[in-house]
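Next come two complexes built around chain A: one with chain B, the other with chain C.
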Partner chain A sequence: MLEVEGVSKYFISDGSKLEVIREISFSLREGEFVSIVGPSGCGKSTLLRMIAGIERPSSGRITFYGKEISSPDPRISMIFQSFALVPWLKVIEQVELPLRARGVENAKEIARKWLNLVGLSEFEEFLPKELSGGMRQRVGIARALAVEPSLLLMDEPFSSLDELTAETLRHEIIELWKSTPSLKSILMVTHNIEEAVLMSDRIVVLSRRPSVVLKIVNIDMPRPRNRRDEKFYDEVDEIYSLLS
Partner chain B sequence: MLFYLQLPIYALLSLLRMTLAYLISVLFSLSVGIMAGKYEKAEHIIIPLLDILQSIPILGFFPIAIIFFMNLFGYIGAEISSIFLIFTSQAWNMTFGVYEAVKLIPRDVDEMARVYGIGKLLYLRKILIPATMTKLIYNSAMSWGGGWFFLYASEVISVSNAQISLPGLGSLLALSLMETPPRVDMAVLSVVVIMFLVSFTYLFIWRPLIEWSENFKYEYSAGERKRIRLFEIPRVKIPPFLYRSFFRTLKYVRRSPIRDIMMKTGGFIGRKARSMRIAFTLLLAIFVVYAAVKTVLSITPESISSEYIREPFLVLMASLNSIRRVITVLLISLSWALPISILVGRGKHWNEFMLIFEIAASFPVPVLWPFLVRYIVLPLGEWGFEVAAIVLALFGAQFYVLFNSLAGLRSISSDLEEMRRVFLVKGPLYLRKILIPGMFPSIVTGLITAWGGAWNALIVAEYIKVGEEIFPRRKDQYGLGTLLSIAAWEKGDVSSVIFITAVLSLIIITINRTFWRFLYNYSTKFKVE
Partner chain C sequence: MRWMRYTAFYLKDKFIYRWSYTKTGSMLEIPVSYSRLLGLLRLLRDLGGEADVAKISEETDMHADEILPLLAFSEMIGLISVDEGDAKLTESGMNFLKQGHMGRAKYVRNKLMELNVFSEIMNELKKKGSLEKEDVIEIIASKGGFCYCNNLEEAFNCLIHWGVYSGLIEYDREENLIRLGEVNT
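Coming up: the complex of A and B.
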């Protein structure tokens, strides 16, 4: 469904060219969970933003169901590392906002339904600052899924949460994905290798800047995965050795 | 007759007033700010006092200051009150800056100083003063920019008064337009010189200084996104040789004997602190006694005739007129500044726009006044007066709204911007749910500042004297500025001047404490943490 073909990106700063991404290609099929891992500053997030349509590649192309992405596509949704909640909107309004942007009639009901699914029905009238980090990201998840995307992008979704909360949310995301037929695939950017191995079907490993694809690792393990499995460790070790 | 030779001389005189006032402001802000930041007892007195001083319209006090100082010192009194006026416009926010900086010194630095037994003078030189540098210089740039307004205001005011004379660029401009036929060449030249001084000092003194002063910041986190403040400096390149020569001069000054002399004087003052204090107190006491005696002796039947106190209805009407004008100014400012900042704020050419706006904003509005009088008030009469007064006040207010709403727009975090793009939130929904609420706290701050600026400008704007004719002609157009000026310059009725100034301050402080405070508190709901 998603094709990234020979994408490069550079920024011009102070007259000199800073190349961030060089000739990256990979594809994402329906029903897949793919992660992008790489050292910090390697342009993973930039890549994700180009797929979201809020940044343009300097060269190469990204197509979604055969159509080149040049602006945000309504079938693609995103979860942010910093949650990106609007500080002055109540929880229910946060989820309603994208729905109302699309002119959905019963925005409130749909928002309620998703808040219920992420376990926040009691908190509809709360402001973001009254919630814990985990709850904030749950609002982010409800908001991203309420618009019924076919592709969900996640930018370091668990890295600003404590480990216990993060682990719970990882499982919840997988559950929500499995139980939502309209949501075909998920693409996650992370620097947490174990998290990538735990969740994904394939992992795109990027190098240091200017980043190229070092390897695409297939993870053939049934879900739910156990971190204590020997196979799990082998995969983690393989990616570590690629990056170091 | 006016001569071209007057231009450089008058420019120098204007610059001298500015510089003197600024130097006094630096001394004041450093000593009072550090005192308030270091001693709790002083803090409880100084901070509320500064808060009130900051909110009253400075120009309202110009007549009182002039009468007071001229009575004490004769001709030189006008100069002193002009410098005093500029000082009052600069000192408060600089003092607040120093105070905040002292308060922000990390505790461990203080503890370190105590652990290593660093002495008072060394602590002041190596820790306290450097710590205030960033804020002091940043606020200095703002104060200096604002100071022009009061410099030229005082000079322009002096033109319509026979007994006061403040030779400077502002008065030169006003004089050249009041000659018959008007000396347009001279007027244009003075404006050019004024603009040159304003932009030169901004670009080549304050900008490099601000960048340099960033070195004194106590950084808390490495990757912190830079906050955009009022008058944020855009990074437009200054030729490197200018920088180099600037810092070379700075280095030279540091190596020169001036420094040693200053250090020695500092040491001397430190050693003789006790006797110095006695001498200073004695001088102050002598001055106070002299001032009191002089003031009492100067009382004449006119100065206590208190005409306006017996006309409460006129004062009420004038207050309402002034309030109406100020509100009109705020509404006009908001109606153009808000859309413009939304259009420009996210654009690519933001830096260039900012530079233009900043120089436009530091344009000393009072110099417009002679032009408006000549070309709008005189031909159009009563309506012309109304329009001119509002235009002038507008120039003293609108940029505060613009800069603050721009800063507000830029303070909306970039991930919110990304979020709304990914989720296709745009148009009215984007305005209503994200932009306007996000900008709201800054818009309120801008309006509050603009409110003060509009009052200041109105005091110059509500009274014009051309020859023997006074505008506004009709009594029902009088504003508080008109009453104040008539009482001060026409009647010499000091008790009325004091009365009107009190009414003016009362109105402003009351509205600040009620309406603006309420709006400000409400707006904090939308602050982004």
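Coming up: the complex of A and C.
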């Protein structure tokens, strides 16, 4: 469904060209969960923003169902590390927002359905400041999925949460993906290797800047996965070996 | 990042004040949230059903002041048992993990109603229709706190979190009023 073909990205900094990403290629098929890992500053989030249509590649092309991405595609949704909630909107309004922007008539009804699915049905009148970090990201998840995307992009979605909250949401994202037929695939950027092994079918391992693909690692383990399994440790170890 | 937070209340003719730490500035953080509770139960399940508290601390990178209230609350509502530093998942805890959000909310609702602090708040709500935040804080203080929180503001937030989550109460933030939830009306 998604093809990243020879994508490079340069930025101009103090009059000189800063190469962040060099000729990266990988694909994402329907039904897959793929993670992108790499050192800090290697351009993981930049790559995700290009797939979201927020930025353009300097060279190469990204296609979604055969069509080149040049602007945000309504079939692609995103979840952010910082939750990106509007401070003055109630929980229900946060989820309604993208639906209303698309002219969906029964926005409130759909928003309620998704709040119910993420366990926040009783909190629809609350403001973001009245929610814990985990609840805020649940709102972010509901808002991203309410528009029924085919592809969900996640940019370090659990990194600002404590470990117990993060682990709960990792499992719930997998459960929501498996129970939502319209959501075909998920692409996640993370610096957390264990998180990537816990959730992904394949992991794209990037090098330091300018980043290239070091290897695409297949994670052939049934879900739900247990971090204490020997095979889990072996996969984590392999990726650390590639990065070090 | 950790911030110092100062909280003060005027309660029963005297001020109660305290400095405490909060990790995230303006974000509401409570020691015992729904996501943390589920995370703890999953962790115990993955560790074979039981673990000592030191192991839980190591696995979660959480300190005792964060873990102990979580363990105590989980035990109070029957999801785990804690004995001499070992936490063990109960059968109710295993079943809780298998249920959906609605089933879990129902379980929590029934367990909360067995607590003195909640039963008194519910009785008062049935009599008066609504309570002000200060009324609820007084009830919490008279019952010795809630969720093993460090201060009454945190205890109030925790009680509102679980009360609203379970459907027992509603909180009108604009009027600062607590009312009966839909399951009671």
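The rule we apply is simple: the second predicted complex is superposed on the first by the 244 of 244 C-alpha atoms of A that agree within 3 Å, B and C clash if a C-alpha of one lies under 4 Å from a C-alpha of the other, contacts with A are read in each partner's own complex, and residues count from 1 in each chain.
Just so we're on the same page, a contact is a pair of C-beta atoms (placed from the backbone, for glycine too) under 8 Å apart; a residue touches a chain by one contact, two chains touch by 3 or more.
Given the structure is predicted, the values throughout are model-derived calculations rather than measurements.
Of the two partner chains placed by superposition, only chain B is touched by A:Arg49; chain C is not. Considering which of chain B and chain C touches more of chain A, the answer is C.
In the superposition on chain A, A:Arg100 makes contact with chain B only, while chain C stays out of contact range. Of the two partner chains placed by superposition, only chain C is touched by A:Gly119; chain B is not. In the superposition on chain A, contact is made by A:Asn226 with chain C only, not with chain B. Contacts of A:Leu169 after superposition: chain C is touched, whereas chain B is not reached.
Of the two partner chains placed by superposition, chain B and chain C are both touched by A:Lys129. In the superposition on chain A, chain A positions 129 are in contact with chain B in one complex as well as with chain C in the other. Touching chain A in their complex are the following residues of chain B: 413, 415-416, 418-419, 421-426, 429-430, 433-434, 437-438, 525-529. By the touch rule above, chain A contacts chain C in their complex via residues 116-119, 121-123, 125-127, 129-136, 138, 160-169, 171, 226-228.
Here chain A touches chain B in the complex through residues 49, 52-54, 72, 74, 76-78, 80, 82, 84, 86-89, 93, 97-98, 100-102, 129, 143, 147, going by the rule given at the top. Remark: chain C residues 24, 26-30, 33-36, 38-40, 42-43, 46-47, 59-62, 66, 70, 101, 104-105, 161, 164-167, 170, 173, 181 touch chain A in the complex.
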